[in-house]
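Just so it is clear, A, B and C label the chains in written order, and each chain counts residues from 1 on its own.
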Amino acid sequence: MLLKLKEIAERLGCRLDGDGEIEIARLAGIEEARAGDLTFFANPQYAAELRATQASAVILGERAEAAPCAMLRAPNPYFAFARAMELFAPASARPRGVHRTADVAATATIDPTASIGAFVSVGEGARIGARTVLYPQVTLGDGAIVGDDCVVHARVSIRERVAIGHRVVIQDGAVIGSDGFGFAQRPDGTHHKIPQVGGVVVEDDVEIGANTTIDRPAVGETRLGAGSKIDNLVQIAHGVRIGRDVLLAAQVGIAGSSTLEDRVTLAGQVGVAGHLTIGNGVIATAQTGIPNSIDAGAFVSGYPAIDNRDWLKSSAVFRRLPELRKAVADLQKRLEALEKQR
Amino acid sequence: MLLKLKEIAERLGCRLDGDGEIEIARLAGIEEARAGDLTFFANPQYAAELRATQASAVILGERAEAAPCAMLRAPNPYFAFARAMELFAPASARPRGVHRTADVAATATIDPTASIGAFVSVGEGARIGARTVLYPQVTLGDGAIVGDDCVVHARVSIRERVAIGHRVVIQDGAVIGSDGFGFAQRPDGTHHKIPQVGGVVVEDDVEIGANTTIDRPAVGETRLGAGSKIDNLVQIAHGVRIGRDVLLAAQVGIAGSSTLEDRVTLAGQVGVAGHLTIGNGVIATAQTGIPNSIDAGAFVSGYPAIDNRDWLKSSAVFRRLPELRKAVADLQKRLEALEKQR
Amino acid sequence: MLLKLKEIAERLGCRLDGDGEIEIARLAGIEEARAGDLTFFANPQYAAELRATQASAVILGERAEAAPCAMLRAPNPYFAFARAMELFAPASARPRGVHRTADVAATATIDPTASIGAFVSVGEGARIGARTVLYPQVTLGDGAIVGDDCVVHARVSIRERVAIGHRVVIQDGAVIGSDGFGFAQRPDGTHHKIPQVGGVVVEDDVEIGANTTIDRPAVGETRLGAGSKIDNLVQIAHGVRIGRDVLLAAQVGIAGSSTLEDRVTLAGQVGVAGHLTIGNGVIATAQTGIPNSIDAGAFVSGYPAIDNRDWLKSSAVFRRLPELRKAVADLQKRLEALEKQR
């Protein structure tokens, strides 16, 4: 597939600066791009790579420095690149209908435009919407619902009565609706399992990463708000409520009954304790440990989490603590000497 | 299903304070409970929610403040709630017998009361006990044993020769008996795989969370003691020994050959290094990193782990380190001035 | 199976010190070994266990203290033990050919010596090499390639167009080629998925742990270098490049586009931020958080990562911070008193 640069500029609404007749065959990263490739420049860390790129053209910001090739100027170059990818991405072509090996309960309802892969198991009363694709070995529990235009990759578990909205993407091996980790201590110190029979609701346009786990609660529901994106190996415990357009990077863990309001962003390996509220737009850097609720708009780091700038400053002192201790010991000696002189 | 409050009180052994004729249709969390619902109050953090609850009745402690609805007083309200859940929880109704699509080796032994789901693979010589349920797509390796009254959710791997006791619950996607991470360095610096052919034993009444991984060792065994409960995405390395009634929250990692004695509790994302002993009843708060053995009864936090109270105090100073450094610099200047005056 | 100790010594090239006629039936850990067992001593932490061992023979280093049993002296006792394991390990005996329940696309190519297990799904154009074993419920996407002599355990996802080399071992539930976590922010603050259609290449002799996830990028590739070993529940994001003979312990996370050069070793739960270069031979201790590139040969710890020795020293002061603060407050008072006297 070949597209002229001027055509790409037009479709993406970018300003063309250079030869629009160039034919683009492929999208590529700024380092590996070669003649015939279109690349992008969005992260200033790659300024040296931009200057040295072998690409035929680059998508970049309105004010970015000029590149040594044709340029497509865009207000949001990463978003423009995303849409360029869609021009070139091979369309997925899963066959419609139910694979001969799938096991579908008699009372399940599957839209005729859906695609159900090999060895998929669909429980009693489950429902699958229009144009939704289930890759091989997915399991859908009794009464589970998956909306329209979803893509459920191989080996995902969608447990009983879980409700998934429209345009949801779930990567391989994710588990939605496993039992929450709820036990009551018996008088003898052993643990008694509390039946976890609440619901899980995944709203529209959510993405859930590979091998991520989302638990159901004993009562009430666990809910992922519309547009939120969850990376791989994330743990979302029972009764957690996640707002809209939240981003959770890989290996984040959210303990039971906590609420993440809209547009919260947690970087990799962040942990959030139970029964907290993390306000609108909070950002936490990687590995932050959050033991208390956080006000909207905060930018936090550290374990336990504090304001990011304070944490950076304290961390800078932390690495010089041995010096600081020596300085204090030195002061003690000198002060003692002065005191003796009195 | 409707139950009168007095009947619930009787079955749970709670003291009824209010109208025993109220009909309860459902259990619900304290915030979402409505008329006809029974809720519970166990975490003092929810005192305001208790006062405002719309529930028809609440289970609460002997000394908790009075609620604006009928009350069931219990010495352990969370445990009473757990048992109330069981009165209302829909009984699982998996069909007995082996699903037509399952692949069971000729030499495997399956109790006729067991339920084997679609696309389950059972290896040579494997044994499955009475009333045990295997959900779809579970795989049981050669010689693996699962006891009576177990529930193995979809897509669990129970590898060759793993032995699972009775009343064990395993959530979706867990892996029991994967190869331990054991490599010997060759003279040229490359890594030589050590065959991991030891055993894994999971004792009675254990629960294992979704996508949790439990490795087998080269020699000897990995063992999970009776009554221990393991949350999602936990890593238990080769040769680890876990005692009785241990609680491991999500994303905990235990490195090879370490021992956790009875009733150890590790909160989310805690890491334990290899070849350690964590004594009876040790508690570690979330994200604690444990590089050394810990005596029984300790309560630890931090990275590296120290006594929890010390860690709280040190963390409080940590966030004021820039101030402390300034104070020291100020002292240095003033002391120098005094010294010059001499 | 019984082997005489002198025969084992010969096959491993160890120096025999003791009775070569002893018959060895089993390999065992130093604590559980009994008469008839061969054990090994490589970690000095187990010196007491060595003195008390009940084993009939032990593999140990050239200079290790004498044991109370026959000894096989080796320059690298752990490596010798690994090879001893191979003498005793039961040979895997998976049947050749394609299981009757597997679903193999007409255009896939499977070597006749390969073993394809129950409920395996193989996509269009996929290729599987000689003697490679796929355990039950593996899924291979369209165009995926697996080389010769690989072992792919149950329920692994190898997504479309992923290329796996020779002698690669993949533990249960791992996902290779899931979509990278790539989203561009739209002007309204919502997130737009960037098609992730790049490749994943896993070179020869790699091992990938249970439930580990390896993402594909939008453009270019994610690559795991030859001989690298990845433990369970590790996250490798889109576009990461991992060198040769790298070791990543459980629950490590590597963010997008970072490079780990050859022989890097990251202990459990380490996190590496995106777009970094971690130089040859870098070692990071457990839970280290790495926000910046690291020079070759460094040994780092902490969050944020600093030199290991500095971190140990600073951590030692950290636990005494309350004392240090009191010392400073005391100095302030005493200095003030002196100043007033002037």
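One rule holds in what follows: a residue touches a chain if its C-beta (ideal position, glycine included) is under 8 Å from a C-beta of that chain, and two chains touch if they have at least 3 such contacts.
As the structure is a prediction and not an experimental result, all values here were calculated from the model.
Although chain A and chain B share one sequence, what matters here is the overlap of their interface residues, and that overlap falls short of half of the numbers used. Superposition of chain B on chain C using C-alpha atoms only gives a rotation of 120 degrees, nearest 5. Taking the mean of the C-alpha atoms as each chain's centre, chain A and chain B sit 24 Å apart.
The multi-chain contact residues of chain B, meaning those touching 2 or more other chains, are 101, 119, 137, 155, 173, 211, 233, 251, 269, 287, 303, 318, 320-321, 324, 328, 331, 335, 338. Here chain B touches chain A in the complex through residues 27-29, 31-32, 39, 43, 45, 76, 78-79, 81-83, 85-86, 89-90, 99, 101, 117-119, 135-137, 153-155, 169, 171-173, 205, 207, 209-211, 227, 229, 231-233, 245, 247, 249-251, 263, 268-269, 285-287, 303, 315, 318-322, 324-325, 328, 331-332, 335, 338-339, 342, going by the rule given at the top.
Residues of chain A that touch chain B in their complex: 101, 103, 119, 121, 137, 139, 141, 155, 157, 159, 173, 175, 178-179, 181-187, 189-195, 197, 211, 213, 215, 217-220, 233, 235, 237, 239, 251, 253, 255, 269, 271, 273, 275, 287, 289, 291, 302-304, 306, 310-311, 313-314, 317-318, 320-321, 324, 327-328, 331, 334-335, 338, 341.
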